[in-house]
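Next, two complexes with chain A in common: one pairs it with chain B, the other with chain C.
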Partner chain A sequence: MTATIALPRVRAGAPSRRTLLLLLPMLAIFAIGFAAPLYFVIRFSLEHFDAAGTQGASVTLEQFVTIFTTPLYGDLILRTLGLALATTVISAVIGYPLALAITRGPRPLRAPLMALVTIPMLTSVVVKTFGWQVLLSSDGMLQRTLDAVGLSSVKLLNTTTGVVLGLVHTYFPFMVVSLVAALSAIDRTTEHAAASLGSTPGQVFRRVTFPQSLDGLAAGSALTFVTSMSALVTPQMLGGGKVSTIVTVIYQQATSAQNWPLAAALGVVLLIITLVILSLQTWAVRHVSRR
Partner chain B sequence: MTATTRPRDATPITADPPSDHEDKDIVLQMRTVSVSYGATRVLHEVDLSVRSGELIALLGPSGSGKTTMIRTIAGFAHPTAGEVLLHGRKLAGVPAHRRNIGMVFQNYALFPHLSVADNIAYPLKVQKKGRAAIKARVAELVDLVQLTGHAAKRPANLSGGQQQRVALARALAMDPELLLLDEPLSNLDANLRREVGEEIRRLQQRTGTTTIMVTHDRQEAFGMADRMAVLRQGRIEQLGTPRTVYRRPVNAFMASFAGEANLLPGTVTGSGPDTQVTTPAGTLATPDQANQGSEVVVMIRPEDVRIGPPAAAGTGVLPASIVESFYYGSSLVVQAEASGVRVQALVTGAATTWFEAGQQVSLRIDPQAVVIIPDGERE
Partner chain C sequence: MSVAGERRKLGSVLFGLVIAIIVVFILAPLAVAVGSSVTTTGYLAFPPRGFTLKWFGEAASNPKFLEALWTSLQLGVATTVISVVAGVLASYAIVRRPGPLTAVLEQVLLSPILLPAVVLGLGILLSLSLSGWLGTFPGGLLAHIIVASPFVTRSVLAGLRRLDPRLEEASHSLGAGGVRTFCRIVLPSVRGAIIGGAVFAFVISFDEAVVTLFLTGSDFTTLPVTIFTYVQYSNDPTIAAVSTVIILVSALLVGLVTRQGGRDER
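== the complex of A and B ==
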């Protein structure tokens, strides 16, 4: 931005020291709360680990070498991404119609639907997951229904299916909230205009409403993907030790194996994946809206 | 009160062509259309016939029902009584997308995710026209609305006036049987309005598109319309050419709504060519007819009041004193008092001179300028 007008320049320049002072508490919280832990995680990930459990002071990339050369960890990363992708796609498929109903549906239905979506967000994950354990267990309602319709080969508790179910339930509200925000930001007269220009309601949705909601879909997908990828409680409790993700392995390595360097290195890998996905989302939004 | 024009006798200043409701080239017809939202009645038994190729302006203050009227025609609102016909076929039950009525929205409602060219191509793509045909038609329309060189831009990167032309081109692309313009100039800078209004009018005449325009600005309506319908509280107060509406208002409300007006109560004396009205300000001759002795209201537009040197009172000559003057560059607005009655005059042209407060003058009013208001009760 060019400072061709005198007034804002004076205003922006003069109180810079006071501005800095006012920012100090926030900067301190940021340093203690975010920068320091991140530094320690990265620092741990570069340490050596030996069977005796002591950690050397040297800087080494051996944890990352282990992660990228052991097929076990490659599979783990792919499986985690697959789980997050499945959760995101299912959330989008369920969430889009719901968001449409909340923004375009009959007025008396809108608030109750929104409440139904947001109330689970306000409930503890542990409580929700215990609930799912009961529902998914071998004598639970869902498994019994499956058995009754001859699908007894499909097991729910302690399987990937069960974990995805739990993850969708926990994280799809993020998708719905993002979509509701995007859909309600659309100028409704563009939909009326499309109708007056000869579009059937289906064409209005395909050509006008949906393309304008892509921002929200991208944001909701990124949010759902990233959060479900880094979930611990749901895969731990509904997977019963049989479904491992990057996060459950980090948990095992940090607690039972006491291998902090490996746990930290896996954490860094997870963080990098997260950053890549968020930048992809940002890029996609820019690309779509300002071609 | 009826919702149609009160036809006047052949006085020199009525210019309305005779209205023929069986006319073959009537594009749109509204027959006693009423629209209610819940308990609120927004339109009351409105009648309107729009002839092929004409531009009708619906003029009225906000809440007068003018927007409801075009929303009803477009298919976004539905009559609770009466019927709307397009080329003689009833529109009840025909959804908006099958009416072939183009609409330009007040905020233009351009598709933000599509380029100018894709916005204009939209109705053609929906109609599944061939790619080459679409390209040719879009290029033609881009030229027509003078947006050459902007076709690849997104609407957000255009000025308000350009966005409006895109909206117009998009609506014209579908070759609509009727074009609706909702407050087409209200989102533009004041200094652009007249220019864009005149451009829309030229475009409308060149394409011969039958058009209904909604506006709350009487200058826009006067400048652009072939005929105008003035709405008030959900009814059409008067329908006619701008000239008729301005010169032949059907009542005192219309007289003041269409422009500045001196409204004087008076008593009719004489008859035939000698009809005169005696008002508190003085006696005025008029070509209009009214029963001798009846109480009426006459209207004189300020620009028809000429200011002359002091003179004795006579028919159409009112001795007066200047109260105050306001100079607006192109015109001078003068408030004068004739026998204690306020009369406003508008002086224009190079001969415009200043008048001092208290100066003695005479107000001269030609018989042609004196109009008896039919429905003369003062509001």
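== the complex of A and C ==
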């Protein structure tokens, strides 16, 4: 009897008790570990900072006013965006040939190259960055090579150059994975048709392959940008306190300085920039594919 | 040979060279970490001078590293088990009840992959310190599940969506109940997706440093966080030995998944 009554309701798409029960464990975890923390970040960003640690009940925008009126924080935001942009552009430049090799290169090389790309994705960022630290240090191989060829004015460790190098290494695999997905989705007959109609390989690439991979390039760029913008370990370990970003300042303010309202407000700024970039990418993909 | 043929050959040689440089770039820091772990010098040197395994002994007899390794392993296993159980149940509900509500829920459950980890770390720091759980294992576990479970959910969702719903209908019409169908039909069919997601969750948890840096205390610290703090003050090759162990653990697990993935496709 109950079964015959319950059945139509389930078909109507309303969440049944069983569905709720299945969702319950994950919902509980996300309520405590995700929703509540996000709420606290937003709530604390509207607090007044008091070294004594007393919490005001009032809501104030003073942290945001500080961030947007102090040139120091303006520079910080610009520098963070600049680092992410440099990382994204370099990742696209080196990721594209690699994605081409994985999708169109010699067959026996395709799988090993793809495996090679996943290695940095699955190695601890601390370990990778430690490797870079040794390589970039003043008596490391790269720096000594630079010194030997007369480029000793170029320093690697504790500089922006070193941080970008580490960021590219950590995040360019995301670009490659996006590009590989886009390039392998392209109908190869369009390329063959162009070639058989007399286009040179360069023309085929410029007029047929590249335009069809733009979706993947946009997705990979957005992903590389937002993840490299949020990096903490790389700027902290390779910047040596000389390259600060929004993220390293959040970390210092939250842990050593204990200025939670300022850390939270910078966190909200970072979150908003991330959401804007991700929505822009979604919009762009929709706009392009509709044409 | 024609000029065009010569040019094409030159082009592919250049292309090969570019790929070779990128490969060296990818492997360089890992090679340095592994290479400098066997140096006989008392400081980090690459290329290493001589060959010794003494730094692995040093690492293995350092209680700080051992405790952190033990914590990281426990944390990784607990994170994986909880993420898999909760992730499989939630994914099943989402796939079997498609609608606007579950679509939003799916986005939320996957969003920790894209949202800045620092914001999450800071938020969890705030809520844990208000509730007195900061610097404890359960606090760290909660954070790791949020960071790692999206990878399980994503993998299992994809697996379930490839599954033919008629299999379940057949099972139901033959008289099997919901639970029995789930255990006998659904779970075995998405085994590969679950294992893949589980290994990913373990590796993510085992390597996690950003969120954890906000949450560690004197009683709770993980291996990556220990390395992070150690390299700021010290320059001895012990840390290279520890890094080598981490690289080997990750490589081993990834190798296992790749083999599993190949088996699923066949």
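The rule is simple: the second predicted complex is superposed on the first by the 258 of 291 C-alpha atoms of A that agree within 3 Å, B and C clash if a C-alpha of one lies under 4 Å from a C-alpha of the other, contacts with A are read in each partner's own complex, and residues count from 1 in each chain.
Everything that follows uses one rule, which is that a contact is a pair of C-beta atoms (placed from the backbone, for glycine too) under 8 Å apart; a residue touches a chain by one contact, two chains touch by 3 or more.
If you're wondering where the values come from, they're calculated on a predicted model, not measured in any experiment.
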item	value
Room on chain A for both chain B and chain C (clash or fit)	fit
Comparison of chain B and chain C by chain A residues contacted	C
Touching partner for A:Ala195 - first (chain B), second (chain C), both, neither	first
Contacts of A:Gly140 with chain B and chain C, given as first, second, both or neither	second
Touched partner set for A:Met237, first chain B, second chain C, both or neither	second
Which superposed partner A:Val247 touches (first chain B, second chain C, both, neither)	second
Which of chain B and chain C A:Phe34 touches, first, second, both or neither	second
Partner chain in contact with A:Gln203 - chain B first, chain C second, else both or neither	first
Arrangement angle, chain B at one end, chain C at the other, chain A at the vertex (C-alpha, nearest 10°)	90
Least C-alpha distance (whole Å) that remains between chain C and chain B when both complexes are overlaid	10
Footprint overlap on chain A, comparing chain B with chain C	201
Residues on chain A engaged by chain B in the complex (per definition of touch)	187, 189-190, 192-201, 203-204, 207-208, 211-212, 214, 288-291
Residues of chain A defined as touching chain C within the complex	13, 15-16, 18-19, 22-23, 25-27, 29-30, 32-34, 36-41, 44, 94, 97-98, 101, 105, 113, 115-120, 122-135, 137, 140-141, 169, 201, 223, 226-227, 229-230, 232-233, 236-237, 247, 250-251, 254-255, 260, 263-264, 267-268, 270-271, 274, 278
Complex contacts: residues of chain C adjacent to chain A	8, 11, 15, 18-19, 22-23, 25-33, 36, 44, 46-47, 82, 85-87, 89-90, 92-94, 96-99, 101-102, 105, 108-109, 112, 114-127, 130, 142-143, 145-146, 149, 153, 178, 203, 206-207, 209-210, 213-214, 224-225, 227-228, 231, 239-240, 243, 246-247, 250-251, 253-254, 258
Residues on chain B engaged by chain A in the complex (per definition of touch)	74-76, 95-103, 105, 107, 109-113, 122-123, 125-127, 154, 170-171, 174
